[in-house]
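One chain, chain A, appears in both complexes that follow, with chain B as partner in the first and chain C in the second.
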Partner chain A sequence: MKVTFPHMGNQYVATKVLLDELGVENIIPPECSKDTLDIGTKHSPESICLPLKVNIGNYIESVKKGADTVVITGSCGPCRFGYYSILQKEILKSMGYDNLKFILLDPPQGDYKGFFKRVYDLTNTKNPYKIVKALARATRTLYLLDEMEDLSYYKRPRQARQGEVDIHYDHFHRVVREAKGYKEVSTLIRDTIRKMKEVEEDPTRDVIKIGIIGEIYTIIEPFVNLNVEKKLGDMGVEIDKSLKISRWLTEHLYLSPLGLTAEKDVWRAAKPYLKTMIGGHARETIGYAVVYGKKGYDGVIQIYPLTCMPEIVAQSILPTVEKDYSIPYLCLIVDEMTGEAGYSTRLEAFVDLLRRRKEKAYNGELLSGN
Partner chain B sequence: MSVKIGIPRGLWFYDYFPLWKTFYEELGAEIIFSDKTNKQILDQGVKNCVDEACLPVKLFHGHVINLKDKVDYIFVPKMMSVYKDEYICPKFCGLPEMVNHSIKGLPPLIDTEINFSKSRKSLMITAYRFGSYVTKNPIKIRRAFNNALMAYRKYREDVKDGKLPIDGEFSPKKPSVVANNSKSIAVVGHTYHLYDSYGSMSILQKLRDSKVSVIVPEMMNMNKINKLASTLEKKMFWSYGRKLLGAALHFGESREIDGIIYISSFGCGIDSIVEDLFERWSRSHSIPFLLLTIDEHTGEAGINTRLEAFLDMIDWRVNHESDLSPHG
Partner chain C sequence: MENCYLGIDVGSVSTNVVLMNDQNKILGKVYTATQGKPIDAVKRGLKEISGQIKGDIQVKGVATTGSGRHLASMIVGADVVKNEITAHGIAALNFVKGVRTIFEIGGQDSKIILLKDGIISDFAMNTVCAAGTGSFLDRQAARLGIDISEFGQQALTSKNPVRVAGRCAVFAESDMIHKQQLGHNQEDIIKGLCDALVRNFLNNLGKGKDLAGPIVFQGGVAANAGIKKSFEEALNQEIFVPPHHEVMGAIGCCLLAKEHAAKKNNTNFQGFEIMNSGYEVRGMECEDCSNLCEVVEIIRDGILMSRWGDKCGKWSNQVKSDVEKLA
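So, the complex of A and B:
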């Protein structure tokens, strides 16, 4: 059994650790590229959101590399991610991949027997201790990865020589594919973190801060958001992302089955604008916009895939947040037609505006909030 | 003076309007519907809503603006879920907030939450919350709600009998004598597409004028559909999607229809999945399938041409079966 799974930012490193620790042979899909998206776009429904198209591309490229089992995850509504698993299965079947095995890891919804059977199918073991241990290690890897990400957000706008952080960052992604198991991977991450910390800083840089909010897949997968963290970093912007995979995993795997949540403060911040959850991450999008506003960030950028239902609701509410907290807001919508030049221009214009605004405020010339 | 409550003629309107109309009228409020969808409502809606929203949501904004200066309250409930473990589109869930933040100077909204995803136990409490905008008397509210439920059931029966609530008014019952060679075509889609004659460019009327007997999902036996839908590999968590996928399985099995027309709006997240599965399953049973995607730029002439071509194609398929394989 050679297992493959879809990409989402750095998540592949943790999933690889999980499968390695369980002794399951796995194939990491090639890095997302134009080809990946082309394959996905060709075979997916026209109006589905972008993540599904990229996922389909990932599967096909892995199958070409020899994978014979696909792990698909899902949720249970109201966002359409909940039905991804079934649709993806239908698409792959209609493409003629009849021998492909699917393991659908959806939340159990009462059917625990079926759920654990699927988990055992995937893990090749019924030893719960072994599974829990592997899972704990994968979670630790995710936290390390996010530590590395956060460091790169901090260092990029401050590095004295442009591009130095990315030398280490890209090197890590090249080497990690060959690493095996938790030990090797975590050493590699720690090495990269150490190297990044040593990158020389330019203390005279005027760094502005932007919060990135929006749909989780688009803000985490660099191919889909056209490397927004690198683009902004090179413009001298430090960013913070509202959603991180490590946090998402803790929330959904460990806390929510117990009825707990780590996002209470964010929900409270969103409450005056959006009272309940409406699926996806709309409530977090609004909550974090408020949080960034309160923390004195210079701006927020919302990124989401075209036709994403929860984010459309958030988009219609965010202008009010923008006014209430006087924090400039830019909305970027991505799909397979997004052109990089136009996207960069908008980012540059937004950053220019923020700098000018900051300067004005500094000089005491700014009279109105906007 | 009685309280004036405005009900926008959009989204859930065609599913539930008799219920809320009866409910509030029993309580002594005056109900005002917004005008039937027209050019002005469309334009206002498009102007006052985020560009990315789908046509029905934009139309709904237009309807709210239409009511804005006429009423004391506008009825925009927060519809989360009407069945256990099922949801409605996320845009429905966030509708009151969307409307409130997009349109300035609105009268207060009746934005009580309807959420039965855990259980239906809170039904009477929810009804009380809705009624409390007019009266605080729980006995009166309970009586009004029971009458409203009766009106709602009757409405459902009527629709099932083939009376279509186009623009919220019943069309004459379908002709009892249907010519022998008439085609029967299933027209599926959200109720706010099917029954909004401006938004859907009167597709239902056009089909009836061409002597086609029309079947809509609301006419079908819900028990049967529920049963079929429960055979799905994963539970469909959208109430509308479950109804449609059940219908798709039924059509495939029974083969009693000659073709399917699916009406969807551009950017509909639910249809991007349901429509695709529906189409795959229909085609695998070789039932002719036509997808009409509608947005604010759709031209009526194009829709007419496609409808005519589709109907002709079905005729040829029946008449020339032996010459060439029209099944492909």
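So, the complex of A and C:
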């Protein structure tokens, strides 16, 4: 059994650790590229959301490298993601990949027997200790990865020599594919973090802060959001992403089966605008916009794939948040037609707007101080 | 000797060059077609503007904007490289007192810029649809067999405009042909088209935005009196078209260059002589890592001027330049 899985930002590193630790042979799909998207677009329904198209591309590219089993997690929120596994199975079947096996790791939702059967199928072992240990290590890897991500968000706008952070960052992604198991991978991540911390900073930089909100996949996968973190970082913007995989995993794997949640504060923040869960991450999108507004961020950017229903609802509510917290808001919608030039122009103009606003606020303070 | 600032806007359809003095007076302006050759267009623009200069001037700063801003900045040695939204916003702010809303329709894109307390507060730009932009109007004028400069005037003579579907450029065209076949007057169809485009613009870009007056209409399409009239009818208020509406992006650049010169008293401007230089652009794929960056080199008279396109910066850093980094 050679297992593969779809890409989503740094997640592949943690999944690799999980499978390595369980002794399951795995194949990481090649980095998302134009080819990946072309394959996916060709074989997917035209109006389906972008993540599905990229996923299909990932599977096909992995199958070409020898994978025979696909493992994906199920949806924990009622949006189209919940039907991904079924639809993807059908698409791959119609493409002639009849023998490709799908293992869906949905949260148990009561059916523990079925859940454990799927886990045993994947893990090739019935030793619960081994499974729990592997899972704990994968989770730790995720947290380390997100620590590295956060550090890169902090360092990029401040680095004295442009591009230095990305030399370490890109190096990590090249080397990690060859690393095996938790020990090697975690050492590599810690090394990268250390190297990034040593990157020289320019203390004179005037850094502005932007919160990135929206649909989780488009926020996290750099290929899909056209590397928004690098683009903004190079313009001198520090970002914070509202949704992180480590947080998502903790929420859905550990907390929600116990009826707990870590998102209570965010839900409360969203309450005046949206009282209930309407699917996807709409409530979190609005909640985080409010949170960023309260924290004094200079602006928020919402990113989502074309036709994403929950985010469309959020988009119509966000101008009210923008007014209430006087935090400028920009919406970017991505799909396979997105042109990079127009996207960059919008980002540049938005950053300009925020800088002028900040300058003006600063000058205003000086005047009133006199 | 008079201090001057040069603004260059390299758009998809036209390349505009403006020369402005310290008192924000326009000393010369050039509006020339880009025709897919931005380097030639910039050189032509510089040639024409230097022909318009009377007296002794000194260029204290240069800024570029438009989709070809990076290329143009490399050629002329710009001090500031800015996106077109900021450039247009700044230009309107300085030429129309208290402006709150800007409609800008150019060759291939259209935008709405909202201003509050003298700074840009919000903006929107067309994404996938080019209906209502200059290129589309050009095409339709050609289809109807009239000159684009008469298009607007014809619309004003219409008494009974027809309704044309404006959701999409392709449907608008087929609907227009249908109306022609039914025997409607030409001016009524043209007016119908103007109305449809304005409807499309307001629905696409203006949705959910508070379009407060005074409203300024600029960009190449602002020359079209028919579109201006349709805007006024749709919004029920006066629309101002500034005198140099077609070169507002370049004017914004002049102002940005002036602002830059006030802070830093030196310019990278290479001088007007560059219009006589020969330029060559070379591309290559760097194969040193998996990014496979496409690196572009620009060569002037056999000398390497600049490189860009590499993610790690090792090619571009070899050619040192202290052009102000974006934004």
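Some notes on this structure:
Just so we're on the same page, the second predicted complex is superposed on the first by the 362 of 370 C-alpha atoms of A that agree within 3 Å, B and C clash if a C-alpha of one lies under 4 Å from a C-alpha of the other, contacts with A are read in each partner's own complex, and residues count from 1 in each chain.
Heads up, the rule we're going with is that a contact is a pair of C-beta atoms (placed from the backbone, for glycine too) under 8 Å apart; a residue touches a chain by one contact, two chains touch by 3 or more.
Because the structure is predicted, anything quoted here is derived from the model rather than measured.
For the composite obtained by overlaying on chain A, chain B and chain C can both be accommodated side by side without a clash.
By the touch criterion defined above, A:360 lies against chain C but remains apart from chain B after alignment on the C-alpha atoms of chain A. Put chain B and chain C next to each other and count what each touches on chain A; the higher total goes to B. Applying the stated contact rule after C-alpha superposition, one finds that A:316 touches each of chain B and chain C.
Touch criterion met: A:282 reaches chain B, while chain C stays clear of it. Shared-chain residue A:333: touches chain B and chain C both.
In the superposed model, A:346 makes contact with chain C only, not with chain B. Of the two partner chains placed around the shared chain by superposition, chain B is the only one that A:94 touches, whereas chain C remains out of contact.
Once the two structures are overlaid on chain A, chain A sits at the apex of an angle of 80° toward chain B and chain C, using CA centres and rounding to a multiple of 10.
Of the two partner chains, chain B is the only one touched by A:78; chain C is not. In this overlay, which is a superposition and not a single complex, chain B and chain C have their closest Cα atoms 6 Å apart. On chain A, the surface patch touched by chain B in one complex and by chain C in the other comprises residues 316, 319, 333. Partner chain A is touched in their complex by these residues of chain C: 67, 82-86, 109, 117-123, 125, 127-128, 208, 289-291, 311-313, 325-327.
Against chain C, in their complex, chain A makes its touches with residues 31, 161-163, 166-167, 170, 174, 234-236, 316, 319, 328, 333, 337, 341-342, 345-346, 348-353, 355-357, 360. Within the complex formed with chain A, the residues of chain B that make contact are 49-50, 52-53, 78, 80, 85-91, 93-94, 97-98, 101-102, 113, 115, 232-238, 241, 266-273, 275-277, 280, 293. Contact residues of chain A toward chain B in the complex are 45-49, 74, 76-80, 82-83, 85-87, 90, 94, 104, 106, 109, 273-280, 282, 306-310, 312-317, 319-320, 333.
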